[in-house]
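Got a structure here, written out as structure tokens. Questions coming.
The chains carry the letters A, B, C and D, assigned in the order they are written, with residues numbered from 1 in each.
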Amino acid sequence: MKVAIIGGSGYGGVELARLLHNHPYVELTQIISHSQAGTVFSEVYPQMTQILDEPMVDFNIDQLAADVDVVFLATPSDVSHRIVPEILKEKIKCIDLSGDFRLKDPALYQSWYGFENTAKDYLNQVVYGLSEVYQAKIEGAELIANPGCFPTAGLLALIPLVQAQVISTQSIIIDGKTGVSGAGRGLSLNVHFAEMNENAKAYQLGVHKHIPELEQELSEKSNDSIKLNFTPHIVPMTRGIMMTSYTDLVSEQSADDILDIYRSYYHNQPFIRIRTNDQIPSTKEVYGSNYCDIGFHIDRRTNKLIVVSVIDNLVKGASGQAIQNLNIMAGLDQKTGLNQLPIYP
Amino acid sequence: MKVAIIGGSGYGGVELARLLHNHPYVELTQIISHSQAGTVFSEVYPQMTQILDEPMVDFNIDQLAADVDVVFLATPSDVSHRIVPEILKEKIKCIDLSGDFRLKDPALYQSWYGFENTAKDYLNQVVYGLSEVYQAKIEGAELIANPGCFPTAGLLALIPLVQAQVISTQSIIIDGKTGVSGAGRGLSLNVHFAEMNENAKAYQLGVHKHIPELEQELSEKSNDSIKLNFTPHIVPMTRGIMMTSYTDLVSEQSADDILDIYRSYYHNQPFIRIRTNDQIPSTKEVYGSNYCDIGFHIDRRTNKLIVVSVIDNLVKGASGQAIQNLNIMAGLDQKTGLNQLPIYP
Amino acid sequence: MKVAIIGGSGYGGVELARLLHNHPYVELTQIISHSQAGTVFSEVYPQMTQILDEPMVDFNIDQLAADVDVVFLATPSDVSHRIVPEILKEKIKCIDLSGDFRLKDPALYQSWYGFENTAKDYLNQVVYGLSEVYQAKIEGAELIANPGCFPTAGLLALIPLVQAQVISTQSIIIDGKTGVSGAGRGLSLNVHFAEMNENAKAYQLGVHKHIPELEQELSEKSNDSIKLNFTPHIVPMTRGIMMTSYTDLVSEQSADDILDIYRSYYHNQPFIRIRTNDQIPSTKEVYGSNYCDIGFHIDRRTNKLIVVSVIDNLVKGASGQAIQNLNIMAGLDQKTGLNQLPIYP
Amino acid sequence: MKVAIIGGSGYGGVELARLLHNHPYVELTQIISHSQAGTVFSEVYPQMTQILDEPMVDFNIDQLAADVDVVFLATPSDVSHRIVPEILKEKIKCIDLSGDFRLKDPALYQSWYGFENTAKDYLNQVVYGLSEVYQAKIEGAELIANPGCFPTAGLLALIPLVQAQVISTQSIIIDGKTGVSGAGRGLSLNVHFAEMNENAKAYQLGVHKHIPELEQELSEKSNDSIKLNFTPHIVPMTRGIMMTSYTDLVSEQSADDILDIYRSYYHNQPFIRIRTNDQIPSTKEVYGSNYCDIGFHIDRRTNKLIVVSVIDNLVKGASGQAIQNLNIMAGLDQKTGLNQLPIYP
């Protein structure tokens, strides 16, 4: 397969480049960056010296049509909805890592994202690329909305539970913790080392874009209209997301019952690891890999089921899952090119 | 005042030594450490070179009686309840930074702490040293149970709300984040830099000792029996605690209403800073200082009030509050010796 | 004394504000920031909430003349040499934390700093504010050039040795390590958390501005023309500088000999701590304080004397030393307002 | 090939396990740990859940003889020299990651390592496994002494220069910086997060074990007896080594001359990346990979050539190079199983 990356100069782009380099069936023919067109990729990212020494190019639809089967869009918000229709017309499949196509209700873009989605006609055909959950749909998709980093970890923890109807859909609270790379490579005081080191911050309380995405998917899977609380926090590490989900059990459940729900839902899924015996995964245990690890605890005193799920935000939370989706679309083993084990320590 | 520190070789002890050094009315006459008796303090803590070059001594009650008016106990769990009675008999006041006297119900020690409290007779007379809340009682106390680090931040955020009866007492969820120094100076894989850097962990789900302490105080202030969820997380920083508290509003409240509750509760309290306009404090904004900063957000979609409170776990969460209590006991201005501003960045 | 800070929105400025707040003889009457004039200081730095809630103001020489005895200039490079003459004319003393007045040879500004010094007439009268070394001159100074962070640590380690003529002046090599706050609050990829965490970088090899400053002062003290190598590195921490100096002994010296040289040079200096017995200080042992700690090792195999000196770059390396100089100028105890002990851990 | 890891519970062992898992021609048949025999590997290292769920076993020479072609010894100091002879007798090849066989002069073990090497007879036949330098010898080796982490980075930077005779052999100074994982998984205050975070330390001045290793190899390549200074520092990161080498040029050399020396020495070596145009590599640019990146600067003012070389201490500095050596011994492409790109950010 010939693929291109649009938005190659950001963290999503360089992580795609890293992972695709070892993918046996993929040729990366173009790295597209409007702001850095003409610049050699390894000058922007010296870790790629002798690996990707070609210049980035500007977006050119004819060149793309000539060169490419699948495009990854690792663009900032409010970009991909403007160019995806044009690309799809050339029979090039699109995997969009931005949020521009994740919400099915067009009205939500204005209120949560602050822009008007100009490709509303495509919102019906786009497939939400949560690989383990929508595998069948992904196989035939032309356009994938790759999930957000927080929603990936949150939904993989909660969808089996809401579908099994063991937790209340009206009282879900999710407390998220992310590393700083989730904010991207753009400059701001929030990512200044001296401001963020030895620091923990809560941010965007009640207004984070991933709230409607979490609600959309959990509502869909529960046949219920779910409103939930999700509060993101940033902690002083580069990679990693942890979602601590607080849920109310609606019936008596043992730890084995919950384990069975997860195991049967994720049967044979290579990237999901369910922890047993109250073992709770930490973010470093998935560092640099495409795993999502899930652990849980039943609190009998309050009848709560607390679930902790962790991913590497740049791999399973972005570029890794995008390649997993590419594999599914192409009929390959999901793990192709994604065999990197977690780096530890 | 002449004071001694028992347990001088741990982080609580050295932080007391740091803060007391600049206290104008305190003379630190003894640093007691059983394991390090005879060792010069600044050899254990070279940052104290030329400041505290005296040797630590072993515990000797006669020496203590001769030398000291107030003792700070910065001992591990299951130590102070064994020696406090002996010290009190010598008319020496005790400020205990460990958890040995925090719970009023003696039965709870076995289930949550794993030891039998041998000083049960003193549980009625001990004053829980949450400075801003129990100021009047602290003034006359002989024995102070200095609050836990998580409870300090959590209770200062929640007590005004439960007392004002604006939140449900039956659905409180607290998600805590702490720096690694909270685990003390003892060695374990959990505090190994290579294991903890670039890592976030949840731990002791449902069994953390600070749960009954939080419940005891909130129950007391609400005249209700409160069971809550508290889940601690450790994140890769040295100092700082953030408590994110999720509560259900039981009546219509504006942000100004909530602000009024806090402001009236903490009127003239120098170490409490209530943030306005949805500004949420980060842990670094109190680094090295005795402040507790509190910010909040009302989520109209779910009718939740989310409160974020931050402290430096070693200052307001331990040694700073202990000195604040000493000041109150001695009739001094609470801020005496605690005028250090947050170190930033 | 009434003082003002020019350049209050940067790290030098806020650290001055932090330290001056507890100075018993100083009133901070103005915080001047051109870019942030009108903004409340604690909105830019929320850790200063309820401490410094006044707005910053723009530079106004008349206002300054009416209000202020001493001005601290915490401005970027190429600013203070333009405004200091105007301020001095108003009989206001100036302590310049930038590099604009550090070099005595006007020709060096163009080659090392890249600007033409427009206040050349003042280069003869400026006093280089290395407090322990130039105490007598500082007492009567109108204009202080506060030393650079690296030079402070390097010179305090090396001046006693070159003056005692025990090391070769022709082969000094200094390897510096600094935390990220040394780069200031300005935004760049170099200070992006995700780029700098888990990273160590060498930078500006052979062209760093602190090279001529180190050479100027060591040449002066040795009566020799010294060329040396200084290579700065940035490591993933916020505060702290370590200078590892490699020198050749020109005569047989014991560890006690070297210790004597340091002790006699720094007799009664409260902020210099010389370590003994091959104990080497680490940066955290001076964190948040005005200390400079110095340790050394004699390598008999190669006849080298290796000296390691550490400071907090924002305190002794900038704002703390500036206040130390203010104290000296005002005839106060050097330690006034600078009694903060190192924060550890 | 069937291989075993002895010392599987340390960082060298788990990194071997991680890398070998994706090696197409290797079967890992045993992970041997005396202290943890019987424990499931993924219980000690949960990141290996569903990947290596087998128990570790105790050392058993018969079992080893039956099962294994090559053994990796990732044991602490003073272990492998006791067991390697026994293993070699079974015609099993040994790659020793500890320092027990690195020095050719048996007398040096007592003075630098503090133990008597009991396998002196093997010191003549052992091959020093610096892959790029000793490739031909490695091909036929039975016993490899895998180089130390600091020496790997230092020697790859300096051997081409001493062999080309462009630098003085009598004045080499190396300033090393390492991440904390280099200290291993054992517990000590030096690796406590709260002690090491926001800290930089110099350690073992003049007595570090890697000094004689550096001197041995540079002496060999220069036909000269080299004494040098090497001072290691630990900085607050998990992985990464940077060696900053200060050398005196003995003849006029341009940057292109130096570049030619490196390029011709490392012609076709896939893991060596020589930077050009004064670009200096940072440690993160090789994170998680087997690369050694080398950059340099000629300082005309002092006629110095300063070389900065970086590696991941656990990959090229230990387990990665061990596998590279395995590949060379087995006649495979050096890169087999080592195709992981640097993880960035």
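Just so it is clear, a contact is a pair of C-beta atoms (placed from the backbone, for glycine too) under 8 Å apart; a residue touches a chain by one contact, two chains touch by 3 or more.
Just so it is clear, the model here is predicted, and its values are computed rather than measured.
*Asks:* By mean C-alpha position, what chain is farthest away from chain D?
*Replies:* Relative to chain D, the chain with the farthest C-alpha centre is B.
*Asks:* Could you let me know which interface, A-B or A-D, is made of more C-beta pairs in contact?
*Replies:* Pair with the higher count of C-beta contacts: A-B.
*Asks:* How many angstrom lie between the centres of chain A and chain D, each centre taken as the mean Cα position?
*Replies:* 36
*Asks:* Please work out the Cα centroid separation of chain A and chain B, and write it as a whole number of Å.
*Replies:* So the centre of chain A lies 39 Å away from the centre of chain B.
*Asks:* If you look at chain A, which of its residues touch at least two other chains?
*Replies:* Touching at least two other chains: 11, 179, 181, 185, 194-195, 197-198, 236-239, 282, 284, 287, 345.
*Asks:* Contact residues on chain B for chain A in the complex?
*Replies:* For chain B paired with chain A, touching residues are 171, 173, 175, 177, 179, 194-195, 197-203, 205-206, 227-229, 231, 233, 235-240, 242, 244, 246, 278, 280, 282-284, 287, 297, 299-302, 304, 306, 308, 310, 345.
*Asks:* Give every residue of chain D touching chain B within the complex, in rising order.
*Replies:* These residues of chain D touch chain B: 11, 179-181, 183, 185, 187-189, 191-198, 236-238.
*Asks:* If we count contacts the way the header does, which residues on chain B are in touch with chain C in the complex?
*Replies:* 11, 14, 18, 21-22, 45-51, 181, 185, 197-198, 238-239, 273, 275, 279, 281-282, 284-289, 293, 339-345
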